[in-house]
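Before anything else, here's the structure in question.
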C-alpha cells in the first residue's frame, strides 16, 4: 500500500472523530486571543500524540499582537474557559492573550514544512432556528455572541487529525514538521506575532487551507494564483461635546453627525481601476442618552485592496474623510490601527506541485482559477518564507456551505474535513519523501 | 410672626439638611423607573412626618408607563438599590417599575393642591475631575453612567423639606395637600401613569418647579407664560442582512448605511415658521463585527415642537425618513414610541397670583419672561387639572449652575434649594388660607 | 373733508390704475439689478407727476452693490428691456446695474419722510395653468424664469399711486418726501447701496410695506414689533479634478461628493435655543458629463438668524462644513458673500403712532403681533435712520394670497393695493401735518 | 513588395494628412448626434475616394437611437455646423440626429469585413493653458464646452486614411469592406441604431480600435481577452415643491435634499465580489433661487459592471436609492434610460489571428493582457456578429497620452495614428486575401 493510500485510509477512519471534535470546538467558540479552551485542548492532544509542544509566549511575540481585548475581558474569558473544561495544565500559559500553540515533529534530515491552522471564532450571534444544524443537533455555541461562522472549528479539528496521521507516517518522512495553531486570524491580528517570534525562520514550505464554497456534490480542493486582499483594520473615535438637545442644542458638538457623515462617505470612496477595493464600517456605537447631543462615537472599520498599494489608497482616503468629518462638526478624532495584512500570493511552483499530488497521487478532484476571497494574515507567514527563498501556499477545502461566511447560519459539510486532511498529509508526504 | 415669616424661618433652618439629603440622592442616582432607593427613602420620610403614603401600583397605572427598561434591568436595579440602602419596608412595593410615591395631608375643607417633584437621574457618566464639586467633595454618583445632571436630586430634597414645613403649618391651612414624587420625568415617561391613575382628578391647583440658570448673585424664582415644547421619544431599529464584507459584500443589506442616512436627514428636517422645533438622535448602536456587513442598527431619538401640531409635523417627517432610509438599503424597520408629552402652558391667573405671593409676601426676587426651555411631562398633570377647571403652573428656581444641563459637569448652588422651598410653601399657604 | 377722507377717496379712485400698472410690471418681471424697464417707467411717471427725480449712479453707490449679475447678463437684460418698452430717456442711466430711482417732493419746513418700494422679481418659472390668474388673464411673465412671486410688482405700483396722492396733497404737508424705488431686494443686495449713497442721512422717518397673507375677508394692515431675520447670502464653489469615471475613477477629486455632503450637513446645522435660524441651499450646479468625475460644483445658499449673533453662529458653522466637505474629497473651495442684512426692528413709537393713524383716522382694520417673517434689507435703511435718532418701520399690507410666497402660483388680491396706498399716505399726512 | 510593406509605406506617407485632418476635427468638436460637420466631411471624402456612401436614416434606425438632445439643440447644432463648414451636399441628410455614415467597397467574392470608427466628442471645457498642445498650436475646440477628450478625432481621421489605403489595395482584396462611422459612442447611445438598421447582418468580421495609454517610447498596439464593462446611463429628476425658504420652509418639499442623499448613497452602493462595478453621478442641476426651497433636481448618472448581471445589480440598487431618496423628502421622481451597452468580449480566434498579423507580418510591437477599460457600445456590433457565427474584436492603438482620458488636458501623440492605420489595413488584408 502506497503512502498515499495509507493517508486516505487513515484520514477516512478519522471521519467520526473529526465530526465530534469540530462540534466540541463549535459549541465552545472563542474569539481572537481568547482561545484558552481550544488552545489548551490542542496542546494536550499534540502532547498525547508525541509532538514537542510550544505555546503561549514561546510562540507569540508580545508586541506584535494586534487588536487585543481589554485585560478585563481577557480575564473574564479565562474564567469562562476554565469553567468550560480548558485543560488546567496548559491553560495558564495561554492566559493574557498568548493563545498560540505549536507542535513539532522531527523526522531527521530534510526540508522544514509548516502547516497553519487558525482557531478563533467571530462576534456573531448564532442562529437558533432548527433549520440551522448546530442548533438542531445540539452544538450551537454556548458562548452567546461568539460563533464559529467561518469554519475555523473545522480547521482546528483537521489540524489535530493531520497531526495524528503524520505521526503515524513519521518513519516514512524526512525532514521536520511544524503544526502552527494560530490565534486571532479574524481581524488579521495573530499571524504577525508568530512570524515575529521567529517560528517561520527555518521553514521551507508553509501551507494553510480555508473552507470554501462548492457548487456540486464531489469532494474537492482548489488552488489559485489569485491573491487575497491586503487590509487594514482601524478603530475610530469621534469626541464632541454633550449638551441638552432641546435647551441648548447650539452648545454641543455632535459626534454622531460626524460619524454618520463619515460612514456614508467612507462607503462612497471611489473604486480603483487598479484592482479590487473594499470598505466596511462594521460597528458604530454612539451617544449616552436620547436628549443629549452625542459627544462620543466609536467605529470599527476595515479597508482592503487587491494590492498593498491599493489598500493604501483606500486607507489614506478613509483617514482624510474621518478627519474632515470630525472637523466639520467641531469634534476631535482618534484613529487606532487594530490589525493589518499584506496581500497573499501563493507560490506558483508549490501550487503546481500540490495540484499534481492532489489530482494524480491522491485522486482528489482539483479546481483551479477559483477566486481567493477576503484577506488572510497567513500572508505574513507566506511572505516570511518567500523572503528567505522558501515557498508558501494556501489552498481551499471546498464544501457545500450553508449560509454566507460570517453569517449567523453558516455551516459546512463535516465529511469534507476528511478531504482536507488527505490533501494536507499527501502534500507533506510528497515534500518530505 | 406671619405664616410667610414662619415659612422663611423654617426653610432656612432646613438648609443643611437639604444639602445633605440632596448629596445622598446625588451619590445614589437612579434612572427612570429604577428609583427604588430614592422612592423608598421618600416614602419612609413622608411616613415619619405623618403623611398618609401611597406608592407603587397605587400611584402608577401599569399600562400608561412609557419607556420601561427590560425586566432584567429592573431586577438588577432592584438588587443594586437594596445593596445601596433602599428601605426594605417600602422598596418591594416599588419593584418592577412602579416607583412613584404620594404623600397626602388633609387639612379639612378647602381646595386640593398638588405639588410635583421628579426623582430620576440621567444616563450620563459624571465628571471625575476635581473641578466638579460632587467629585471633589465625595458625592459623585456611585452608579457609573447614571448621574443627576438635571437637578432632580435637588427637586426631591426640596419636596421632602416642603413636606416638613407644610406639616408644621397644617393647623393654619384649609384644604388638602398631595405631594407627588414622580418617576421617569426624563424621557417624559412617568407623569402620564400618575395622571391616568386618577391622582389629579380632585386637584384644584398643581404646581412644580425646575432648576433654572441664573446670571447674577441674588436668589430668585421665575415665572413664564411661555410654554415648554411638546415632544415624542422614538426607538428605531433597522434590520438588514449580515454577510462577509470582503467576500460577498453584495449579499448583505447594510443597516448602518440606512441608519447613517437617517441620522443626517433627520437632523436636516426643515425648520418650521410656526414655531420652534428640535430633533436629536441621541444614541446609535450598530453592528456585530468589523468585517461583517452591519445587519442591525438601533437608534434613540426625540422630536419636539413649540406646539403639539409642530411636534406632529416633525414626527411625521421623521417617520417618513426612517422608512425611506430602510427601504433604500433593503432593510426593514421598527419604530417604538418610548415617551411623549404635550406642550406645557401654565395658567396665567395662577402665575399672577404666585408671582405676587413670591414678590410681595415672601420678598423673593421674581423674574418673568424667562424662556421655558425643553419639555416636561408635568404638562400631562397641568392639562388634566385645566380640563376640569383647575389651574396648573410650573416655576423655576434659579441657581448659578455649573456646566450645561444634562452635561457631565452639571451642578447647582445648594443654597438655592431653600428659595424653592420658601416659594412652594408660600404659594400653598396663600392658596389654602 | 379731512385729509384722511381725501386720501381714501383718491386712493380708491386709483384702484383700476393700480391693477393695470401692477399687471404691466408683472408681465415684464425683471430680476435684481436688471430693473431697467421698471425703473425707467417709474422715473418717467415720477417726472410726469412733478417729482424731482434722481436715478442710477446718483442713488446707488457702486461698491456697495452686492450680488451683481455678470456684465454679459446685464447687457443682455438691457437689450431685453429696451425691446419690451423701457423708456429710452431714463433707461441708459440705469444701465449696468444702477437701477435705483428716487423721487423727491419738497413741501417746505418739517421732517423728512422716506418711503421705500422694492421693484425686483425672482428667478422662478411662473405657473402656466389657467388656475393661475396671471396665466388666465394674460399677464403671466413674458420673461421665462423671472417672476414677480413676492408681490414687488404691487409694491412698485403702490409707490406710484402714493406719489400721485401725495403730490395732490402737497399743499397740506410740511416737510420733505423721498420716494425710494429700490433694486435687488431679493437676496438682500440693493438697500445697502442706497444707504451708503447717503440718501437716508437727512431722513427722520423711513417706512416700507410688504404684502402679507391674511385669513379673512376684510382689508387690513398689520404691525409688529417682532423683527425680521438677519441673513447672509453665500456663493460657494467646490473645485476638484475631472477623470474618466470608469477608466480611472481613483484619479479624480469628486466635487459633487463634497457638495452633496455639504448640502446634507448644512441643513443639519443644529437649531439654536437663542432664537430662530434658517439655512437653505437654493441651487446646486455641478459637473460636465455623465462619465466624468465631477470637478466643479457651485452652490447658492443663505443662512438666517433671529439676531445678527444667531445669524453669525449659523454662518460660522456653515463655513466650517463647506471647508471640511471640500477637504474630505481633496477639493478646494471658495466662498463669496453675495448679500447680507442685519435683522430689522421697527421703532415701537412709530409703530404705535402709525397703528393709531390707521385704526383711528383711516378706519382700517389693524392686526398686531403678526410674525415679521423672512429677511429684509430695508433693515439697513431703518438702522441708518435709527442711528441718527430717527424712526423706521415696516408694516404689512395683508391680502388673501394664492400660492406660497416665492412659489410659482403666487398671486394676491389686487384690490388690497388700495389699502396700502391709504395707509402710506395717511401715515405721511400725520407725520407732515 | 508585399501587401504588408505597401500598407506600411502608404500609411506612413499619410502621416501629415492624418495630423492635419485630426486637428480640423479637434478644432470643430461635435457632441453625440450632432456630428453634422464631421459626418458630412467624412461622407464627402469617402465619395471622393470612390466608396459607395450611405448616411443618415439609411444607417441609423430612428427608434434605436438613445439619449438624443432636444430638437432645439439639434437645430442649433445644425446651424453651427453649417457655419463651421459642414458640406452642404451631405449635411441635410444627417440633420435631426441621424449622423451616421457608411462607406462600402465591394472587392468581389470573399468575407465581409466591417471597421467601426466613432466620431463624437465630449461635454468638457478644453484646457486653454499653453501647456496643452491644442491650445498652444491653435486647434483648441472652437465649440466651448465640447472637446475631443477621448481621441475620437483621431479615430475618425484614421478611418479616412484606412479608406484611402484599402481603396488603393482593392485589386488585391477579395470580399467586401464596410467602413462604419458611428455617432454618439460617448454615452453608449449610437451603435445600437446602426446594428438595428441591419448593417452588421452580413458581416463576418467586425473590428474597432480605441486609443490607449502606453508607457514607453515604441509605437504599439494591444489586444486583450478582458472585456469592457456593461453599462446603463440614466437621467433622473426629483420634483418637490417650492416655498419661501425663510417664511414657510415647512411648506416645501426639498428636491435638493433628496438629490444630495441619493448622490452619497449611490456612490456608496456596495462593491460586488463577482467583478468590477462603477457608479458615477456626473452632473446635478438643482433649484431656481437661493431663498426658494429647491423644487427640481436633475441628475445624469451611469452604472457599470464587469458583466451584464453585475451591471444589473448596480442599476437595481441605484433605482431603489433614487426612489427612496425621493420619498424621504416627499418628492416624486422620474428615471429615463439614456444609453446602455452590454459588456464587450472580443473573439479569441480573431485576436490570435490579428496579433499574429501585427507582430509577424507588420512588425508592430504587440502588447497583450492589457485591461480593456470602460464601456463601449461597439459591444452591440460584436454581439450581433457573434450571434450569426462571425467574429468581432477591439484592439487598442497605444500612445503616450497627456492628461487623463475625458480630462480637459487630454491629448495624444499624433504619430501613433499611423500605427493604427497600419494595423487596421494589415488585418483586413489578411482576412480578405
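To keep things simple, chains are lettered A, B, C and D as they appear, and every chain counts its residues starting from 1.
In this section, contacts are C-beta pairs under 8 Å (C-beta built on N, C-alpha and C of every residue); 3 or more make two chains touch, one makes a residue touch a chain.
Keep in mind it's a predicted model, so treat the numbers as computed, not measured.
Touching chain A and chain C together: B, D. Contact tally for B-D versus A-D: the pair with more C-beta pairs in contact is B-D.
A separation of 46 Å divides the Cα centre of chain A from that of chain D. Chain B and chain D have Cα centroids lying 67 Å from one another. Under the contact definition stated at the top, the residues of chain D that touch 2 or more other chains are 246-249, 252, 254, 257, 261, 264-265, 267-268, 270-271, 273, 278, 293, 373. On the side of chain D, the complex with chain A involves touching residues 264-265, 267-268, 270-271, 273, 276-278, 371, 373. Within the complex formed with chain C, the residues of chain A that make contact are 246-250, 252, 254, 257, 261, 264-265, 268, 270-274, 293, 313, 320-321, 323-325, 327-330.
Interface of chain C with chain D (complex): residues 122-125, 145, 150, 186-187, 229, 231, 233, 242-249, 251, 254, 256-257, 259-261, 263-264, 267, 278, 280-294, 297, 300-302, 304, 338, 373-375, 404-408.
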